[in-house]
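Heads up, the next two complexes both have chain A, just with different partners, chain B and then chain C.
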Partner chain A sequence: MNQRFADQVYVLARRSVVRTARQPANVIFPLVFPLLLLAVNAGGLKAATQLPGFPTSSFVAFALAIPFIQGALFATMNAGTDLARDIQTGFLNRLSLTPMRGVALLAGQLGGIVTMGLIQALVYLSVGLAVGVRLASGFGGALVLLAFAVLISIGFGALGAFAALRTGSGEAVQSLFPAFFVFLFLSSMNLPRNLIEIDWFRTVATVNPVSYLIECIRSLIIVGWDGEALALGFGVALVITILSLALASISLRTRLARS
Partner chain B sequence: MTVNERHGIEARGLVRVFKKGPRAVDGIDLNVAPGEIYGFLGPNGAGKSTTVHMLVTLLPPTEGTARVAGYDVVHEGPKVRAAIGAALQEAALDPLLTGREHLRLQTTMHGLSQDERKRRSKELLERVGLTRAADRKVRTYSGGMKRRLDLALALVHSPSILFLDEPTTGLDIQSRLALWAEVERLAREDGVTVFLTTQYLEEADALADCVGIIDHGRIVAEGSPEELKAEIGRPTVELVPADPNERERAAAILARFGELQSSAEGIAVRLRSGEADLVEIVRALDAEQIKVENLQLHQPTLDDVFLAKTGRSLEGAADEEEPVETGADAALEPA
Partner chain C sequence: MRATAVARGVAWRTLHNVFTNPSLLIPSLVFPLFFFVAFAGGLSQVKNVPGFDYPLGYTSFQFVFVLLQSAAFGGVFTGFGIARDFETGFARRLLLAAPNRTGIVLGYAAAALIRWLVTAVILTAVALAVGMHVGGNGVDLVGLYSLALLLNLAAVLWASGVAMRLRTMQAGPIMQMPVFLVLFFAPVYVPLSLLQGWIHALATVNPLTRVLEAGRGFLAGSPTDVSVAFAVAAALAAAFSLWALRGLRSAEAAG
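Let's look at the complex of A and B:
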């Protein structure tokens, strides 16, 4: 990686972070909304911990995995919308007329998303620890959790970038958000899969990749070092990341179809 | 002497056809000399922006060839982009970044060293008069300030050719004049070739060494403003009779001095023998006792040239909005 490329990635990532930081709604909402939902769920679904076989006596610890996924989704939507706006306003054309390498744009954009994702993950983790959650996997688990948060930020971020580059429309990017939330609600977010009694829901949750992302984070919080959950979680996250990066790269090449 | 110092812009038979749109550019030939200000004049939807997008490598031509700074726009895109600066229609700025941050981004993307970035940014902010506003977010800028910043961004890498797509549209007269002065200085003092699209006659008239008039994707006239006006040649007299009932008699008198022209308010005639006829017209009207509310002598303008070449006035000749597509749109929807 030469210096010019590194500089390009840095200024583009910096721009992405600065833009987000200057839109308070884009910072506060992804931080506050998942934590509010956590508070509501922890209060309303506390009785679930009494179910035989429920893996923990603390629903907050059980549900703490959810904000990580929701936060990544929010950050992704915002970043994707910003990229779509760049296309609509012609800002991407301006960048296209510089000797910018397409991959620098993608890396810069994702760099901004990762930074925001990391800040969010640190906040969720801190809030969890502050309300009494203890990480079963210890300090090492916290580091792995942050690394996982970075990985899903890249995966979802690339998906948002793909939508933005493919459609060039902020509205189209935002319309993905409800779809992502459907995936989230049809996962094991509120109950372990083995305790879901409705067959079709359990089947859907089992084939839903989001379940494995949640279970990976959850395992670090309430189980400790669960090799299977970690392997499945990181595996699914890697597949999502590789696929979305490939799709985003193809769309970027098409979008930057300069001669 | 490098390639781009010896070359301006050349295009032969440039065509762009959009799948769901018209033949936006329909066989354009261009020859812009180095250091020249070329005014590309035409109404909205005439094909100006599509031509610029092809010349700056953002849009591949459907047919034809073009060389910018000596490089082929299709096969030598990176070299073309390194030689040109462009401020495209609607200043594409990030409202959340400051002017200085825009320059930092642009200088970095162009690979300037750390020291050069600072020096060039400072120099350009001074040049476009934005030093005091440099640390304000762009969303607080006026239209003129945005255009000046846009120009500064196009100049960070000292291009030899500058494309300005309707740079003064929507600006007040003061901002427009300031931008004209800067464009003129770039061409006259720095030797930058400027390709400027505009729908303002006075802009082309004041700035351009050579004007190409484009209509429906074709160049209908080309030459210096003086040459083009001389081609039309003769001045026009426009008369409004005090009594509207005298219109026909007044028209009959004017017809003796040349060909009658369409006129929104009165009767107009293109003088056969030049402005010397004006005295004779006044005498003839006086002899017929026709009272006149308004009588004006018009020297030929570029609008007259446009009228003569297209049968329409440039004012109000706007077609539908020009379908400018990005490379991606073009790639996704081939013609």
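Let's look at the complex of A and C:
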């Protein structure tokens, strides 16, 4: 039974990865766009490192955390859109006639997202190292960073799956993208929270969970082993993951019942 | 005369589609506001960087960039609509029906302009409401908005040329990405003098840098690089009008 379940997950995860790989725009854009934005911001905001209290002299190192979150968002949108397409084309209906377990569908879908997320994280990390960023937390920190990338891929991936299963519409999933972008931009992505001058913006950044995801990765890169940043980052990521998985599971059950 | 009639019809339809469809209207209104809030609010501390010398403060400094960005992306968003018209087959019927096809490009350009004007009014109102300072007089402000208008025209003509050549919504990133890069390789966050290394070299040769600096000069009431900025913006609009008209011929040839 467990072997059959594992086979189902493997086949669906493989399909998810192969389908993404066959759409170059879905591979290249999530890889290139965050790096372009990193280049633009790192170049344009280098002067910000001269602000008193800025935690590092390298804005690239400071900003390297952002592509990890952006990449996860892009991958999520693409994966959610693909799942929505499966619903729209009737693939999910046909799948529901097979002995496949619903949870295998979700796990397979997320397996594909995690694979893509891991590849992206490795690329971002390699680019960072290539342009001279050195992880203050060393090799161990790189491993923790990759584990964190996997966790947020699952969390955001489940959120994309939830949107797809709930609405059954690729357009609806895509429309989530601006909302995610709002969360990203209203966070501590460009300046540490203590250096944000406008009160309301600092408050929004403080209650914005994305700030803690960014600060977790950032701490591994520029601080070293910061227990508080790691605990907050992993805690937020875990809460997002558990909630998203629960919502996606409920929606999947409803969707399969409708089928 | 016939071109004007076609242009009026295309512009009216495009505007009707945009202003009656929230999913098309809201992003073009909300995104510039959002960028304005994120940049002017989140990065206001940047005004304390040694050497930052813009006299009106960071909100005004960022307003000019976001205004020009909204003009450029207003043009690109209209290009998405042209691509959608080709995908749905509407543009082919339009090509058959229009007695003067140049009017089609003119109509899309007029629609982009009106659409952006609405965005510009809202963006300006919000900026003033949150305390943006204006140092320039009426003539300076006409200069600022004229530059943005030329940029809007150049962007919609660029996007039209792409949409009419590729005739698919998948061309979206091709319309958007170069505009995004040219805009962000200008001195977005700090003045040109504070940029260092490769981004300084790139921003120095980026034609949009002159437009952005002239715009900031207009708002501050101390115009700089005015003739160069207008020459650049007008040259871009002229070059992309040829690009768009050749795209129209390409669409005609494709049938």
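To be clear about the criterion, the second predicted complex is superposed on the first by the 256 of 259 C-alpha atoms of A that agree within 3 Å, B and C clash if a C-alpha of one lies under 4 Å from a C-alpha of the other, contacts with A are read in each partner's own complex, and residues count from 1 in each chain.
The rule is short, and it goes like this: a residue touches a chain if its C-beta (ideal position, glycine included) is under 8 Å from a C-beta of that chain, and two chains touch if they have at least 3 such contacts.
Predicted, not measured: the structure shown is a model, and the values here were computed from it.
A.B. asks: Aligned on chain A, chain B and chain C: do they clash or fit?
C.D. replies: With chain A aligned, chain B clears chain C, so fit.
A.B. asks: In the overlay, answer first, second, both or neither for which of chain B and chain C A:139 touches.
C.D. replies: It touches nothing on chain B or chain C.
A.B. asks: Applying the touch criterion given at the start, work out whether A:98 contacts chain B, chain C, both or neither, answering first, second, both or neither.
C.D. replies: Only chain B; A:98 stays clear of chain C.
A.B. asks: Mind computing the angle chain B to chain A to chain C from the CA centres, in steps of 10 degrees?
C.D. replies: 90
A.B. asks: First (chain B), second (chain C), both or neither: which does A:185 touch?
C.D. replies: Second partner only.
A.B. asks: Who does A:47 touch here: chain B (first), chain C (second), both, or neither?
C.D. replies: second
A.B. asks: Is A:29 in contact with chain B, with chain C, with both, or with neither (first, second, both, neither)?
C.D. replies: second
A.B. asks: Figure out whether A:4 sits in contact with chain B (first) or chain C (second), or with both, or with neither.
C.D. replies: first
A.B. asks: Can you give the closest approach of chain B to chain C, taken over C-alpha atoms and in whole Å, for the superposition?
C.D. replies: 17
A.B. asks: Both chain B and chain C contact which residues of chain A?
C.D. replies: Shared contact residues on chain A (touching chain B in one complex, chain C in the other): none at all.
A.B. asks: Residues of chain A touching chain C in their complex?
C.D. replies: 25, 29, 36-37, 39-41, 43-48, 50-51, 171, 175, 178, 181-182, 185-186, 190-191, 195-198, 200-201, 205
A.B. asks: Quick check on the complex: what are the chain A residues that touch chain B?
C.D. replies: So the residues of chain A touching chain B come out as 4, 7-8, 10-12, 15, 18-19, 22-23, 86-87, 89-100, 165, 168, 254-259.
A.B. asks: For a test of understanding, state which residues of chain B touch chain A in their complex under the given definition.
C.D. replies: Where chain B meets chain A, its residues are 56-58, 60, 73-75, 77-78, 80-82, 84, 86, 88-90, 92-94, 96-97, 101, 104-106, 108-111, 137, 153, 326-332.
A.B. asks: Using the touch definition from the top, list the residues of chain C that touch chain A in their complex.
C.D. replies: 23, 27, 30-31, 34-35, 37-38, 41-46, 48-52, 170, 173, 181, 184-185, 187-190, 194-200, 202
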